[in-house]
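Naming follows writing order (A, B, C, D, E and F), and every chain is counted from residue 1.
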Amino acid sequence: MRILVINPNTTASMTDKIRETAVAVAAPGTEIVALNPADGPVSIEGHYDEAFCLPGLLEETRKGVAAGADAVVIACFDDPGLEACREIVDVPVVGICEAAMAAASMVGHGFSVVSTLDRAIPIIEALALKYGFERHCRRVRAASIPVLALEEEGGAAAAKVREQVLAAIEEDRAEAVLLGCAGMTDLADALTRETGVPVIDGVAAAVKFAEALVGLGLKTCKRGAYAPPRVKSYSGALARHAPQPPLKAAE
Amino acid sequence: MRILVINPNTTASMTDKIRETAVAVAAPGTEIVALNPADGPVSIEGHYDEAFCLPGLLEETRKGVAAGADAVVIACFDDPGLEACREIVDVPVVGICEAAMAAASMVGHGFSVVSTLDRAIPIIEALALKYGFERHCRRVRAASIPVLALEEEGGAAAAKVREQVLAAIEEDRAEAVLLGCAGMTDLADALTRETGVPVIDGVAAAVKFAEALVGLGLKTCKRGAYAPPRVKSYSGALARHAPQPPLKAAE
Amino acid sequence: MRILVINPNTTASMTDKIRETAVAVAAPGTEIVALNPADGPVSIEGHYDEAFCLPGLLEETRKGVAAGADAVVIACFDDPGLEACREIVDVPVVGICEAAMAAASMVGHGFSVVSTLDRAIPIIEALALKYGFERHCRRVRAASIPVLALEEEGGAAAAKVREQVLAAIEEDRAEAVLLGCAGMTDLADALTRETGVPVIDGVAAAVKFAEALVGLGLKTCKRGAYAPPRVKSYSGALARHAPQPPLKAAE
Amino acid sequence: MRILVINPNTTASMTDKIRETAVAVAAPGTEIVALNPADGPVSIEGHYDEAFCLPGLLEETRKGVAAGADAVVIACFDDPGLEACREIVDVPVVGICEAAMAAASMVGHGFSVVSTLDRAIPIIEALALKYGFERHCRRVRAASIPVLALEEEGGAAAAKVREQVLAAIEEDRAEAVLLGCAGMTDLADALTRETGVPVIDGVAAAVKFAEALVGLGLKTCKRGAYAPPRVKSYSGALARHAPQPPLKAAE
Amino acid sequence: MRILVINPNTTASMTDKIRETAVAVAAPGTEIVALNPADGPVSIEGHYDEAFCLPGLLEETRKGVAAGADAVVIACFDDPGLEACREIVDVPVVGICEAAMAAASMVGHGFSVVSTLDRAIPIIEALALKYGFERHCRRVRAASIPVLALEEEGGAAAAKVREQVLAAIEEDRAEAVLLGCAGMTDLADALTRETGVPVIDGVAAAVKFAEALVGLGLKTCKRGAYAPPRVKSYSGALARHAPQPPLKAAE
Amino acid sequence: MRILVINPNTTASMTDKIRETAVAVAAPGTEIVALNPADGPVSIEGHYDEAFCLPGLLEETRKGVAAGADAVVIACFDDPGLEACREIVDVPVVGICEAAMAAASMVGHGFSVVSTLDRAIPIIEALALKYGFERHCRRVRAASIPVLALEEEGGAAAAKVREQVLAAIEEDRAEAVLLGCAGMTDLADALTRETGVPVIDGVAAAVKFAEALVGLGLKTCKRGAYAPPRVKSYSGALARHAPQPPLKAAE
């Protein structure tokens, strides 16, 4: 099976880290295609950035599934465009926040999230509510680092993440800690080993859950909320994005 | 005061109807600027269309506030881009779903919504949850009409809306009925008169609530969730949308 | 339009402050009639006081609407008698807590409330739940001052309010702060200017939202929860309060 | 022990039925004092009537506890004045809706309520939310009868109640049915026998739960929400109701 | 009436304490039968222990009701087996957590619980959610003592409980404090007297509420969730536990 | 990896069906060990049966993990003993209801469940609440068939399940339908093909999610809710079940 892992920002070094994680956890028969759009924000920090990652994300989703991807993973912890992607394909689409929260709920009684900047806190709290994990989520914390600090040498950002992970375990009594940014994907294993508490990276979780859904033969329901976009015209510069008949997974 | 009312789709006839409503309810000193982006979907029916209304919506928001708008109304009942718009300006930004639900909660004990297509139901239910009105919202109904049917001659679409409004009052015991699409803006008054129950159009509600917020001297809080987008570069074709320092309302 | 602003306690100096605020925010065409009942508690601090403000509040509501008021504002942050007032008139009736919470939800992501005494905390928490803002409301704080301390010279009470407003912004990360007592109505603007965070006074908010509802032509739904009281007799000393056929707004 | 059962309306025949039920379920050592205020509504049907039952209810509560009552039952299913009564005494105060819902939650998995008029539905739904039983409460139904119809000869009202009780069991799969008006107190036993499902009268439930609380030596907590009303003056005709230092149960 | 109070662990000294409390609060006509199963855990601290208290608890429930018990109290604060017991008898079955929370909700506005070990916290939080008291429950605290420490001489465990009760009142503003273990049953009265805040023991509360339900003539509904177990065979060593036709209370 | 799939009832034909499903979806490297306890109920229909499946379920869990299982699946839709099993092992333990609901939430916007008997409805509703899916779960339906009817020739039970699946899609607008009994495991694929809507079997879902968790290197957190049972003695016939030091997954 082929899983398309899309980093919705345009920072290639982050895409590389994401690919590394995805490949490391993928099952023997799974091919990982990790990429990022050419156009869009270099990092996603807030709703405005989210808006401008969508054209690239949606286009890569469409193209990737047309080329045979069996599932799509959106590798940004804000899960941008999750519902829109589900509309345009019928293979499963999994967000890394969604997957991390579901995994956490199965290995511990309550979890905390360690994100980057304060401004991410309300976004992740809103996702917990949307997915139904608002009672499982004990606290969303910010390590007070911009996303791209995680790409820098020296590990100062990693140290700040570690500090919040430890605080989540002690102060929130978290029984699992989620790393709330795809750029933290390389930190999970060491923190799990150090703390003895599951520290969960959403990229890995989403890849494995996507494998699970594909293995179950499940596809996104095309009735109701995720029905294909209605065919219509788009005006002006966006005309080429106008909805076409829905894509099918390669058969 | 000047209120910018943005129809996020590109159908000018709908913008005309929206302008008409906005002007009709605006207070004497209020200037209404109603417009739609040049680029984007001709109607917004689902998450994919929503994604592609955002570039135009955000650009018009930025330009309109730079030119002196004191508040912004997003005239699509899905309230697309509400949080993103709030990030880039410091004047109040009001969604028509948000305003209609708040108004309904003040004149009746529970409300129903009459929307266009089935696929809008989960979107509006999610908004009710986000705004805190999930217990006030008795039911979201669909009139089973595409958005642009509301622009057609003959009133067949209006008849279907009316049918659901009546059903909401009888079957849901709704004490207010919200018209769940900006394209229904011209139907509210007649239905209120016919039924004796408040039938609320979000365009009108949002204009009046925007006037209220401006009259109160309230601005969008620029700390936390709606802090200005962090200055950064956007790659490729989207480079010109990269966040600049935040706009101020004209003084 | 004429808006009747009722201070449900009998302290005239507080009514004066309330009138001042209301007049200051009212639109050009709006006439403010601010008054308090002759009979009842000098301040409202708890459920017992609330009970005894109701006869005067309801009588003033009835009389004021009979005399032509287009909307009623109940200027006590406990929103006493809100539903009862809605039963006896068909013009909009707005509570100041209700209006302040709705306004706050439109300009910030989460709010805190600063009230007077500890005993107000559960009352305001219950209102947040009733209105659907229990997730938006981060914390209800008490400044530990009796209501009438706000009427005294010297500003000691104002200093305590300010202290809690600052704590709400720092500790609760509140993106709006509500002043939880009508007697604080004169403090909002200075605190907003000082903190850069919207500090919202319910009296002003309710006046503007009442203007908005009247401008929308909305009336309280007379089916269901707010149907007119059934005509019946009241025994003994309360006979004169027995429900009469419902009042209409002056036409 | 002495339990004061207050019918907050002024209809003596209903007080008689209430007394009969209370006496029938009271334990051997329990003295029942059932009474109604002299002043106030002849029946309580909505928020306005509720407001005007409060002066009498509060006065009887104060007097009855001063005279030695060990607990107070408020015998109206809207539980009017529950918190205000708790402020002025330190003996337990129990509402009949509150008690009926608590009892139902212990003998069945979900319950429905059969009330009088449609307008009672939102009031009882709000109580279920306040008490935490909103998930246990499957539906609030109205028998479409005014309260005082239950005092009339012939049993037409009783037949309508029975019809809704049967519907609650069949359609809502209710595992307990609450009679949502003190005036239905005489119907519970026969309906329980007929249906085999617990049909619960709140008057009886509240008397037994009040006995239980007194037997446990529990008193209303006088810190926080139910602290005694602050001593202050009331203006004009209501001066005599001004809060005095809190009453103690006779010792 | 006869109330069967089952301590689901096998520690006889705890059963003695429980009996003492139950007898002390029982009404004159109430016979208390307090016992524990011969087989099972010596204390219940977590889900595994809970599982192994069930066979003994269910067998004693069945036998005790067959022998004429009119109600059953499960005297462990985790309320283990509550629903299973309700399936096999038609008399009321009351859990001590359930009863304590219901009692607390009637004498204070919000409560905290003081339990034994940290691991009890999520269990009691889950019960609060199940019973609907998640908003009433301000915090579940642990005194960091194993259950059987409460059976030891010297009062060290009692001192730790007292410390948390005081903290609940000061820090959580709890208006009632629940003792979250049947082994604390002897501590409630002194703590209530010391603090002036209701400190509630579940054993006592459940006995009185069981008396109340019996006094009301209420039985567990045998339709729906608590229908008798379907008659079937059990394999192997558990064959003798296979469901028989439902027991009736002695008549 | 080895996944232990425990059918907690003792009906071998159902275990065979469960094994067949598990083997069919397992990844190449996954060994499935499917078994049922020798002792216990032949089917699990309600809380009493649940109680008596626990000793066997827990013993098989302990033995299977000691023998090298990397994860455990509990193959009964009531998810009995889920938390207790998590206490005694440190490998992941997944319930089939839990897994099915998580999978459904990723491929459709709202789901319904089709279970066996009416009495299962409140049990599954309670699980939805526990897992956080109470808003995703549109309705729990019963096909009105005993569990073991699914083991009988002729397909009458399957026809009734199909009927409810179709009703869930039409009436509840379900975008995924969960088969609410492990005995229905063989029906999912055909119903998915027939309806075009994901019809999800929990056994398959749990096996794939268990594979995912193992692939992620995640283990059950041994701090907090799922800490190992405290070492202690159990009395009498249950002595041999007394908690031992926690098992580790074979390394």
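Rule of thumb we're sticking to: contacts are C-beta pairs under 8 Å (C-beta built on N, C-alpha and C of every residue); 3 or more make two chains touch, one makes a residue touch a chain.
Just so it is clear, the structure is predicted and the values come from calculations on it, not from any experiment.
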Hey, which one of C-E, A-C or A-B is the same interface as C-D, over half the contact pairs lining up?
A-B
Taking each chain's centre as the mean of its CA atoms, chain A sits from chain E at a distance in Å of 44
Where the centres are mean C-alpha positions, what is the separation of chain B from chain C, in Å?
27
Give me the residue numbers in chain A that touch at least two other chains, ranges are fine.
109-110, 118, 122, 129, 135, 173, 224-225
Based on the touch definition given at the start, go ahead and assign the chain network to line, ring, star, complete or other.
other
Every chain pair in contact, whichever chains are involved
A-B, A-C, A-E, A-F, B-C, B-D, B-F, C-D, C-E, D-E, D-F, E-F
Which of the residues in chain A end up touching chain C in this complex?
118, 121-122, 129
In the complex, chain B residues that touch chain C
25, 27-29, 92, 94, 98, 102-103, 105-110, 131-136, 169, 173, 175-176, 189, 192, 196-198, 200, 204-205, 208-209, 211-213, 215-226
Which residues of chain E touch chain F in the complex?
10, 37-43, 45-52, 54-56, 58, 81, 83-84, 86-88, 118-119, 122-123, 126, 129-130, 146, 224-225, 227, 229-230, 232-238, 241-243
Of chain B, residues touching chain D in the complex
109-110, 135, 173
